[in-house]
């Protein structure tokens, strides 16, 4: 029994999901696509036997739709999620769950009313093999309790629409989720230090920054966010524990030794992936496959609405910390029993 | 349209392929399984809606069978391959294509009579991401012509049935194919040097060995084969080219820094995978997916019958080189136009 | 002409300097030693033709003394330095120059009165080959302006007398000097974050900590100080610049691949040095040789009294930041022209 | 008591030794220099209070000469060594001891007549910290018996006078000594495989080559010698043992991450030293210091005349193996008791 999926939003990310479900995912097929831009929707669906709509609601009610993958812009998520809830459809929703914590809290409330969870949020790092092994290592306990995480999040360059706030709520939000997941702790405060910006960053962008988290388990996390580093996409995390340290993101497949055309010196080293599509290609594949497998079995797993809410709340505190230069506490609502 | 696959042989490797096709591969399903041990066949097929046979021929003619995956013992391959040819079924055949070069030559002859290729041989390293990138790098030409390959092929320990000959024809055969594929050259001579065996190897096993290839393109290849190295499964390859060197198999995902319980010293490093199942998990998945995708499109790609024949011929020379201590030339038949 | 050196203080560090000057340094010899513990002084001087005193002043006036190496406890430095100044003797003074910023300011004032510099402070990292190359790389400008430094300073375990304050003023003080030297900037503020301490640290010790510097050039520096990490002595520094990043302290001489006796897994990696004596052995040798060479030529180079003062001032701010949890500004005096 | 050293030969290597003894070595000074080119001798001795001669014999008998460092061309070594023996002077002789095995055998015979050893041969790798630790590791026994060594010896480019024979008797001779020393075994046979030469090597040079040693302890050693690799000077050695593998030469001090100006890709890696002067700078310093220290104590240690002879004998077999393409046995004389 193949799972029929409606893909809502066929921009870059949505079109990639359409391709993935059609070509890579086992046990699922694209049953419908929706995009306000009909031409774009048709292009994404080319060669696939599926319904094509401009209205998300129409796609949700297309024949053979068993589940929904939401890849539309963040402000459109809430309406689609609620519509999917009305139909009892499981949803894999790209991050952010909603643009702000208040919206995310409404999704949490909606699931509470339903009495069950339907949403998985697309924090795909939880499916990356390096992160998975780091999590297993920390949970295994051989290194003792984690004390600090040192994170680096670097992009070669930022798109033209990128704002200083997005350093936190679009980029560092991945470290927010990774921190919460790896440590099993909530973030209680955020501080941001801003060095003099790189002269290669766009004039209005305060890039890079050092974002600091404190957690309710007593851990301290520092995140370098640098979205115009020039050399590629590099995501690193070192977990410093009581009895040892574990790092991901510093390894490489190839070691290439060549003479540099720049300075004539020989160097031996590995390549940095150009972007997140390359770096997390397998994570995206595994995320969707895991969601499909869980859905077949009637389960919901992975990061849920509560995680989407917490990430949004920390992001909001982070943006205030950016603006004020102060340490900003994170005030989360009570965690409902549904997400215990 | 999902491709119906008959899996012939449900031992460890075959059962794993059944699971893979059922759970991981997109666009395919298990249509039939066959194993002389009916209980084992049924166990592999548990929970899957497919035919179960003890006779390979019966499985090939089961309803809905569009293609065949052969994972039975090597001596049984030839009969199954010829039966599949009679039905015009595409085949993915685990290595070795046949146990000896003469048998492989008969498969080549059979495809020539058919006038088309139907077989892909399961040299899965060609689908490993590290090998794929090394191949692309060499083909790209930026490093100049490859001059030497330095290969390491290490297993933690060898199974009880392993023989000295198998160091070459079961293990190094992967480097035979990798050499031919990476360089696009044929191997013309084999020499084997045998150090005093490790005291941790079984008494009858001359382990490790250094196997040397010369190619018709003037390259020299050395392969350390060591099947009782103790520490894990490690496959490395350094391609030394005119303008630089590229290595695979030395990287790692994690860098773990811990104090050793043995000598009290701290070390920082990465983990060695325990076995080929872990090391080449993705390569197996990609191999089967690529074969399914190509079959859907009516193509045959990847290593074919000629590659299976050449690997067998080099292996036979290698075993003679082991026994005699001499440099043994490899004498290949003329390569048929079908495999140009 | 060999330089006659009086070594003041023959504890662990001083005795090591006596051995170094006697056996390793070219162009110098030990002319006198002094230690309140006469037996210890004699033991350090065993086999060396030199004067042995319990009084530092007596050692300074011993025949053939051309220069002084101060390795006594910090509180004793000021008197010895002023006595050496009276005699116009060049001094290499182990860090700290003095225990507090006020004392260091008095040394600065004394040199100003002399109208020339006589003191080099023993910040030996400036002579470590890794740091030297990092400094050259940053100064070379190919990476653009440095934006952040990420530092790790880890000891296997702390001695019994170690206090929480010493995490900053005894350990992180090395990063204070390294930051000032690498960037050529003054540190303007310190913040300290304290995770829940490791359960392997002594009960009274708040270990580890994350110490943050801001500089007058707009750089941000984070320093993990962890003096009970268990696995060895590890000093790392990553300089994140506008056009690339450079790391030191992650390399290794050996890559050892062995099966772990703990978990049975194979790992490939390099050894962490056990302590600073091993890690910085060459740096100590080079520091003393460079000081001897400069003294022969009538020059004073390396970190001077001003650097000792600035390090003390930042350390004092750091200790306040530890205690208060606040961001503490560093208020330096005007830098005298002598140290321009 | 400072050791007075006569440096014979003030070409590049000899002049460097003069500088080293004058500036770096503790407990020694340059007492005399000799070079047929008087201007060159004077230039090397500039600023040093020492005798300057054109005749080696005159330098040996200059006042205050206690020991000799021979850095003249190989053909001149024998006469100088015998003259030093006549005076009972300890000698540190740059490699090769003599240009051929017959000459080296005469040096061995001369020491036997003296009844004591006076010569140390300049195989400086034995003083390199990486090699020293590898040797200690192998001797420590934790890895079991060494089975194979995989060696790489690469130069950026070869000087104009370099010949194919010199790949073996000038370059690989270092691996000959390293193999004998690391394993404590004699080399019994040499085989050479010659790939099609790099198009970047001079036309007459068969570069690179793969040189294979067999030892009397049953080990197998492969050495890639590539003197026009383009990217730098790289000396690597992996010792594959029964219970693990240890590699040197793959580490690095810096990890630099930058975007390549060639292909626009980011890479993280370490620098390859440009030449042996940089790579083995410390080894040369330590070699001379160890020789001076041993001489002070009346000891001779390090590689001696027998090692020089054995290296010459293996080199001669290696050159024959190059020419014939055959496996060439090494026939050593009986090892005299003096070198037991």
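Note that the chains take the letters A, B, C and D in the order they are written out, and that residue 1 is the start of every chain.
Going forward, a residue touches a chain if its C-beta (ideal position, glycine included) is under 8 Å from a C-beta of that chain, and two chains touch if they have at least 3 such contacts.
On a predicted model such as this, the values are computed, not experimentally measured, just so you know.
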Number of steps on the shortest touching-chain route linking chain B and chain D: 1
Degree value of the rotation bringing chain A onto chain C, based on Cα positions, nearest 5: 180
Distance from the mean Cα position of chain C to that of chain A, given in whole angstrom: 43
Centre distance in Å when chain A and chain D are each reduced to the mean of their C-alpha atoms: 56
Centre distance in Å when chain A and chain B are each reduced to the mean of their C-alpha atoms: 37
Touching two or more other chains - residue numbers and ranges from chain B: 230-231, 243-245, 250, 252, 255-259, 262, 268, 270
Sites on chain B touched by chain D in the complex: 142, 144-145, 147-148, 150, 152, 191, 193-196, 198-200, 208, 210, 212, 214, 217-220, 222, 224, 226, 229-231, 240, 242-245, 250, 262-263
Residue numbers on chain D that touch chain C, as the complex places them: 22-27, 129-130, 133-134, 137, 143, 243-248, 250-259, 270, 282, 289, 293
Chain B contact footprint on chain C (complex, rising order): 156, 230-232, 234, 250, 252, 255-262, 265-272, 274
